[in-house]
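Data block below; observations after.
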Amino acid sequence: MRITLRYFASVREKLKRSEEEREIPSGATVRTVWDILKREHPELSAMEKAMSFAVAQEYVDRDHPLQDNDELAVIPPVSGGCYA
Amino acid sequence: MRITLRYFASVREKLKRSEEEREIPSGATVRTVWDILKREHPELSAMEKAMSFAVAQEYVDRDHPLQDNDELAVIPPVSGGCYA
Amino acid sequence: MPEEQRIWCAITNSPIAMQELTDFAADPAAGAMATFVGMTRNTNDGRRVIRLEYECYPGMAEKEMRKIAAEVLARWSIRKIAMMHRLGQVDIGEASVAIAVSSGHRHAAFEACHFAINQLKEIVPIWKKELYEGGELWIGSQTGTTGSWQRVQEENA
Amino acid sequence: MPEEQRIWCAITNSPIAMQELTDFAADPAAGAMATFVGMTRNTNDGRRVIRLEYECYPGMAEKEMRKIAAEVLARWSIRKIAMMHRLGQVDIGEASVAIAVSSGHRHAAFEACHFAINQLKEIVPIWKKELYEGGELWIGSQTGTTGSWQRVQEENA
């Protein structure tokens, strides 16, 4: 099946792109895709604990099963608002 | 000795004046003057507990001794700000 | 920064211009500003309010406001504080009081701003008369609540 | 009053006009309005900051802001809430985020406004890059802190 991946902020800069489409094995979860990304970009592992994920613009955990045409967003630690 | 009395809000309306000068016995305290006012205007007694006093624009307690030329303000419960 | 550049307290007969308070409180080292605005509400205690009328003890009211502002600077890590109170007639929806506090950190800004309005209502010699449908009333004076001075003492106890 | 008249959440590329937020939140039944404005500070963690640059996950950021606003209305007795976040370059002293909450009572207004900014910083998918003298840095990403989703879970636990 095919999904769209969205990258933001530090992840977008590390991967040098803001989105892409990918073919993934049926039955894949968020974790499956994240493991693939970490294999391709080992430097992502430094943010292992800090990373969150959203499917269809809702936060999901890593066991969330993916479906064809899903949009999966890789969400580094958010830092909206001000410093204060 | 002679002092100036200042009245505000509900007290001003009850006494129908915002200030006056008074001759008071030497050695008088805030309480002395307040007792005189209550004798003249018994309706003030309803606010007995709620009343505060200031001399020279500083809150004082009722035992505060008065001096010649003092300005004594009779301060009903304050209600600045908004309702909320 | 000297205290007079960090505190602005004023009593005014004109409508409150909030922008002036936030302009005063703004500071390049402040990442947070909390403000509070108190407005005349259209009902109170079941009465339909027409408007409020405020008066103060001139001189002492400003002094007590400045004391609150100085206490805020002493208790919290605050850059600047502006406090303004309006006198005279204040119609529904109009502001009678406004406070702006800037700080390096949002928690300090919120706490200090909340403290400032609480203290202002408790101890600054300002009074409001409520004109409602059917009468008028000096707010605070109708009940035998504790006086401002006693509250000051309790605060400091 | 229907929820869409009580909540206004927006993300903008323009400078934040605070007056628009307070105009939205004003209400004749509200006696209190608390606001919060977050601005770019000139230093952070000992670095001299030049400016910040914000980006968001379009669509999801607005949705998460609306969720926070809806939770505020559910948890406190609030009349209206307006929340706005700016994207792109935000210079020193300029506002990146602003929140206005109106209420019948000041305590609810303060608590709700404080809650809203805390939540916004925790869960809304917005990121800031700090340009400082000597480099640049995605704030939040440099440390192995807990992710947004884990924080959402902890909040709800």
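By letter and in written order, the chains are A, B, C and D; residue numbering begins at 1 in each of them.
Simple rule for what comes next: a contact is a pair of C-beta atoms (placed from the backbone, for glycine too) under 8 Å apart; a residue touches a chain by one contact, two chains touch by 3 or more.
Nothing here was measured: the structure is a model prediction, and the numbers come from that model.
Relative to chain C, the chain whose mean Cα position lies farthest away is A. Interface comparison, B-D against B-C: more C-beta pairs in contact at B-C. One inter-chain figure worth recording: chain A and chain C are separated by 48 Å, centre to centre, where each centre is the mean of the chain's CA atoms. Chain B and chain C have CA centres that are 24 Å apart.
Centre-to-centre separation of chain A and chain B, using mean CA positions: 71 Å. Touching two or more other chains at once are residues 30-32, 38-41, 104, 106, 109, 117 of chain C.
Residue positions of chain B touching 2 or more other chains, listed in rising order: 82-84. Chain contacts in this assembly follow no simple pattern; the graph is neither a line, a ring, a star nor complete.
Here the touching chains pair up as A-C, A-D, B-C, B-D, C-D.
Residue ranges on chain D touching chain A, taken from their complex, read 38-41, 44, 54-57, 59-61, 63, 85, 96-97, 117, 120-129, 138-141, 143-150, 152-153. Residues 82-84 of chain B are the ones touching chain D in the complex. Within the complex, the chain C residues that touch chain A are 30-32, 103-106, 109. Touching chain C in their complex are the following residues of chain B: 6, 8-10, 13, 46-54, 57-61, 73, 75-84.
Only residues 18-19, 22, 26, 28-43, 92-93, 104, 106-107, 109-110, 113-114, 117 of chain C touch chain D when the two sit together in their complex.
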